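Note that the chains take the letters A, B, C and D in the order they are written out, and that residue 1 is the start of every chain.
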Amino acid sequence: MTTNNDFLLSVEGLTVSFDGFKAVDDLSFYVDPNEIHVIIGPNGAGKTTALDLICGKTRATSGSIRFRGKELTEMKEHQIVHAGVGRKFQNPSIYEDLTVFENLEISFPRGRSVFGALAFKRDKEVRERVAEIAEMIFLEDHLEERAEYLSHGQKQWLEIGMLLIQNPELLMLDEPVAGMSVSERVKTAELLNRIIQGRAVIVIEHDMKFVEDIAHKVTVLHQGKVLSEGSMTHVKSDPKVVEVYLGH
Amino acid sequence: MKTNDKGAAPRSMLRRKLMIGSAALALSLAMAPRPGLAQSPPTSEVNTTGLAVTDDTVTVGILHSITGTMAISETGSVQAEKLAIEQINEMGGVLGRKIEYIQEDGASDWPTFAEKAKKLLVQDKVAAVFGCWTSASRKAVLPVFEQYNGMLYYPTFYEGLEESPNVIYTGQEATQQIIAGLNWVAEEKGAETFYLLGSDYIWPRTSNKIARKHIEDKLGLKVVGEEYYPLGHTQFNSVINKIKLRKPDVIYAIVVGGSNVAFYKQLKAAGIDMTQEKPIVMTISVTEDEIRGIGGENIEGAYATMKYFQSLENENNQEFVSAFKAMWGEDMVIGDVTQAAYLGPWLWKAAVEKAGSFDIDKVREASPGIELTTAPEGYVRIHENHHLWSKTRVGHAKADGQYEVVYETTDLMEPDPFPEGYQ
Amino acid sequence: MTPMLTSARKTELIGFVIVAAVILLLLPAVTDAFRLNLVGKYLTYAFVAVGLVLCWGSAGILSLGQGIFFGLGGYCMAMFLKLEASTPEATSIQSTPGIPDFMDWNQITALPWFWEPFHSFGFTLVAVVVVPAILAFIIGFAMFTRRVGGVYFAIITQAIAAILTILIIGQQGYTGGVNGITDLRTLLGWDIRTDSAKTILYFVNAFLLLAVIALSMAVRSSKLGRILVALRDKEDRVRFSGYDVAAFKIFVFCFAAAISGIGGAMFTLQVGFMSPSFVGIVPSIEMVIFCAVGGRHSLIGAVYGTLLVNWAKTSFSESFPELWLFAMGALFIAVVMAFPNGLAGLYTSHVQPLFKRFGRKSAGRSAASGTETPAIAE
Amino acid sequence: MFADYTWSELGSIFAMQGFAGLVLFSVFVLMALGLAIIFGQMGVINMAHGEFMILGAYVTYMCSNFFQSAAPALMPISFFVAMVLAFFASGALGMLVEMGLIRFLYKRPLDTLLATWGLSLILQQTYRTIFGAREVGVTLPDWMMGSLPLTDLVEIPINGLIVMAITLSITVAVAIVMFRSRFGAQVRAVVQNRQMAGAVGIDTEKVDRFTFGLGCGIAGVAGSAFTMIGSTGPSSGQLYIVDTFLVVVFGGATSLIGTVASAFTISQAQSTMEFFLSGSMAKVLTLLTVVGILMLRPQGLFVLKVRR
């Protein structure tokens, strides 16, 4: 029997109910460092809710979420972020009124308090770090563009970049390649494989080709519960999964 | 209509009758070779302080709310002041000069009042201002009048506690209005217990304080409740229940504005029949103007104490009422404040003529002792403290929206803005 | 510094210089002492409007209760001035000399404890800013940590304005009631009612306003300003980028409250009294319209908006009092329907392009043009 | 404070006070129901709600004047004719306003607040121009202004009964319209998913217009009913606006049942406090309590927990 603390993230017995409807029901799963962990499942399986619970957007009815030994269910959202958890939303969630540079700058993990933000200076360190991330997310030529003019795929990358600049140990991506062209998907897969060093990534995705490209481990959710777990090949051959999901 | 100091009264009465009584005469007088001009002293003599006085005109200000929540109340005052000015002009004006007026809108907003007062005094250099209605607006303009030495004729019955050399208070202060009514209700109606009620601001609170002192200390009777509701409050069922529980002989109500309507409608609906012997509803805040909104049938039987009711039977008043209706329409009603506003221009004219000058200081000096025998309310005289000696009456509300005067003090009530023993 | 930012920054700075010139030079030159005092009074509302630009324009928090803070600042100053005016000598006819006249009328025989500190001018100056900020903090803390926002926040602030008005009017022994605190004459022995005093106060007010605008510009151009814009747009993204969103909202709300308090205090000084009619719902909403007319995103626009609406109000009610409410109502609707970004928006969409075309032909002359329309700064 | 009274007196007073609370409750429901539809279902903050109410009151005023001069015999029923007319007048004005103003602002709730505030100023001045600045006295049929004496102390105000009856019927009617009719189903469909509702063939613009009209019409009926207990003047509508919004928000905006429940809670609190405290303090305490609770439970008192 292993203890929780050996994992980067351990979710145990997690349950949340909305007016009696259990969107996530007694969910348990574990994430190791340097692991790309993909969660799949049909619509309404509770995938997004699970991420909401981990990052504190939704409060659990019961159960525990431990991240590097710290209990997240008791923490406020921004404290969870400070602890090293980053989360990308399903629809690209970026600041359309600001430039790409400013989007990344706001996410730069310094001056996060009110007065820190007032005193914040755009120094060399910030500029270099922004440039570095921009290059990583293929946006180095768009730094001065207002974010609303980016393509859908670029917006997705920008949001990933906004997380990367914070150097989180756990990165949670909700449908990162939705709306991307094939070549963009390939680039995104490369990106994920490149950034995995020293952190773990949880991905929710419907695109099975993409999942196969990146997944180290796959968890299949169905009606708020874990249906199957393991490598992609294992999951694909699980008759339960075939029945409820792939079989459609 | 004509005012004057004691000696000249009979002659001026005669002249007024000629003027108002006969249109033909008035016309002929106007066409006559300017009788005013002959007797009008040169401008340099009557205006040594740079007021807006020319050889044939003098400018005054009218400062009331035309817009905003107070417009409802202040309209009557504006109408009365304009009527008085027109009548004075028909008679040849003041010191041979026609009165012209500049009207400003206080917009129910106190700084606007102060602002406009300053404009009237500084920019327009008016010789007098007739205006304000609420205490708050008066308090706001008061420093302006004192600083720039203007003269304000303030028409509303109010809480007292003020005596400015720059204001003539043509309405009653609280003791004048309250004491006589309480005496009457105690003596004539045998009332022993009182429930005091009001809107929550300075006038009702101060008035009820005076009423309580008078009831408890002077009459030796009992106050069984006292309550205030925010301005604009519309739900009075709870307080009506409390009143029913305490069974007072008199419900003494100083509710104002929109709350008034709600209060009397709900009082009636709760089965408190004001036409019965008890309880008596007595108010100092409902003039004929307010009854129009309340509906005569909803307040029938209540008693009001004030100095003026439209139904007063005397010659002055009949002429005033018909002139007012002729100018502003047959369906007009006239309340206490409207009449007091009407007095303003006449009192000012009398003071100017007594002083022989428009200069503010001279007018102020001449003011105490000025009498008006032709006032619609009867006879008034300016006291040393710039308030008016006047009689107080009790009116009994009828279903048609008028009051029937059931009592009138025999003597003039002395104005006492800082009443000893009532504070 | 990016090229785009620099140009926006430049426009804003030019706008600031122009507005400073208008307030400090143009208006005093073309108006007499009486009108200048009026303008001074209007400019005190501009403090509130500037606060609203930060709160509402930048952070998307619409408060319908800014009159509360304006009023509190004004009352703090009024309490000091009233105490100065109520010396035992000046109030010797009262039954308790040495306390404000309205207290005496209400049978209060000793100065209430919360009035005591207002004998000190230093304390008063601090209180003008801090008292509104503390109340804003309490309201903001309660609301923003529980994520009350948008419409709900607007309605609750409105209710608080109503409560405060009823309280001030009801507790007249302590507050002067519906009449307010009136008849304020001197500030540290200096008669504030004379024309020269009013002119000096006008310039003090103008400098304070410009300082507040400069400070607000600094706030907006800091990272905090960008975070405010960001959280108006995507509150969750800011939260999940590790910011305590509530703290930022509380800060900007308190900041707006504090500068509104300064406006209120300057109002009291210039007008000579303070009354509950500036605390309630109607003045609070009017202040929102000043901001909306100027352009809810433009600090400079707020000043022009305030001046324009008040000037229109004064001149309209002088000549057509009956029409004033129609005009005001139409203005509200027009500003929402036709030009949601107010004067500043009109400037960027219509005037600035002209300059650009003009500027290409003869560079550099655009700034000197005597336009009174403000520059937008996003 | 009760030491001097007999038990029967106390019993009567509590009965009366309970009745007063019910009347207040009815008043609150009437005020808030129209707004709850507009604000709760459509997300529009209608600051001119009070002015729509006053339009109903003025219609009642004109109607009663008409009956008095033209058909005095029909006076006893004039009020109900007036109420129907008030519904259609306010409803029609509401639909016009929706067409000319509101429909451009559905995505900007805070802007509807400003625009409707402007509208309220214009309406107020219009009333002032047409009917004069003074309040008008609405003559009501005699039978409506009185009370039914049950015992010596307990007297039931007839207008209170009528207000309660009107409230009950309006509430039932709204419930039927919103939850049992096709129109109601369409409204709820549009509220939940505008695009989808449009896609399945619902004329969403028409639904919006009628919903707004319905809310305003109910306001008109409320205004008509309030001529029995309150004042009718150009700015009387302003007296109601804060209370109305608080009732709706306290009930949890989106739920009509919540609005009714919240009206009940606030009215009982206010009428109890008014009985034990002086008027102004009761009002302040009621408002403070409501605001305080809203700060603790911003989603309103009576809303079920939903995934956000």
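Heads up, the rule we're going with is that a contact is a pair of C-beta atoms (placed from the backbone, for glycine too) under 8 Å apart; a residue touches a chain by one contact, two chains touch by 3 or more.
Computed from a predicted model, the values in this text were never measured in an experiment.
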* Determine, using the mean of C-alpha atoms as each chain's centre, which chain is farthest from chain A. => B
* **Of B-D and A-C, whichever chain pair has more C-beta contact pairs** => B-D
* To do: Average the C-alpha coordinates of each chain, average all protein C-alpha coordinates together, and give the chain whose average is closest to the overall one.
  => C
* Between chain B and chain D, what's the gap in Å when you average each chain's C-alpha atoms? -> 38
* Structure fact -> Rounded to the nearest Å, the gap separating the Cα centres of chain A and chain C is 44
* For chain A and chain B, what's the span in angstrom between their mean Cα positions? -> 76
* To do: Provide the C-alpha centroid distance between chain A and chain D, rounded to the nearest whole angstrom.
  => 48
* To do: Spell out, as numbers or ranges, the residues of chain D touching 2 or more other chains.
  => 125, 128, 280, 283
* Contacts with two or more other chains, residues of chain C listed in rising order -> 166, 169-170, 322, 325
* Structure fact -> Listed in rising order, the residues of chain C that touch chain A in the complex are 2-4, 219, 222-224, 226-227, 229-230, 233-234, 236-245, 247-248, 251, 378
* Partner chain D, residues of chain B touching it in the complex -> 67-69, 71-72, 75, 200, 227-230, 232-235, 237-242, 244-245, 257-262, 265-266, 268-271, 289, 291-298, 401
* Which residues, counting only chain C, touch chain D once they are in their complex? -> 56, 62, 64, 142-143, 146-148, 150-152, 154-156, 158-160, 162-163, 166-167, 169-170, 281, 285, 288-289, 292, 322, 325-326, 328-333, 335-337, 340
* Asked: Touching chain B in the complex: which residues of chain C?
  -> 34, 37-38, 41, 93, 95, 101-102, 105-107, 166, 169-170, 172, 177-180, 182-185, 193, 271-273, 275, 277, 314, 317-318, 321-322, 324-325
* Sort out for me which residues of chain B touch chain C in the complex. => 66-67, 104-105, 107, 109-112, 114-115, 118-119, 122-123, 134-136, 139-140, 142-143, 147, 161, 200-202, 205-206, 228, 230-231, 418, 423
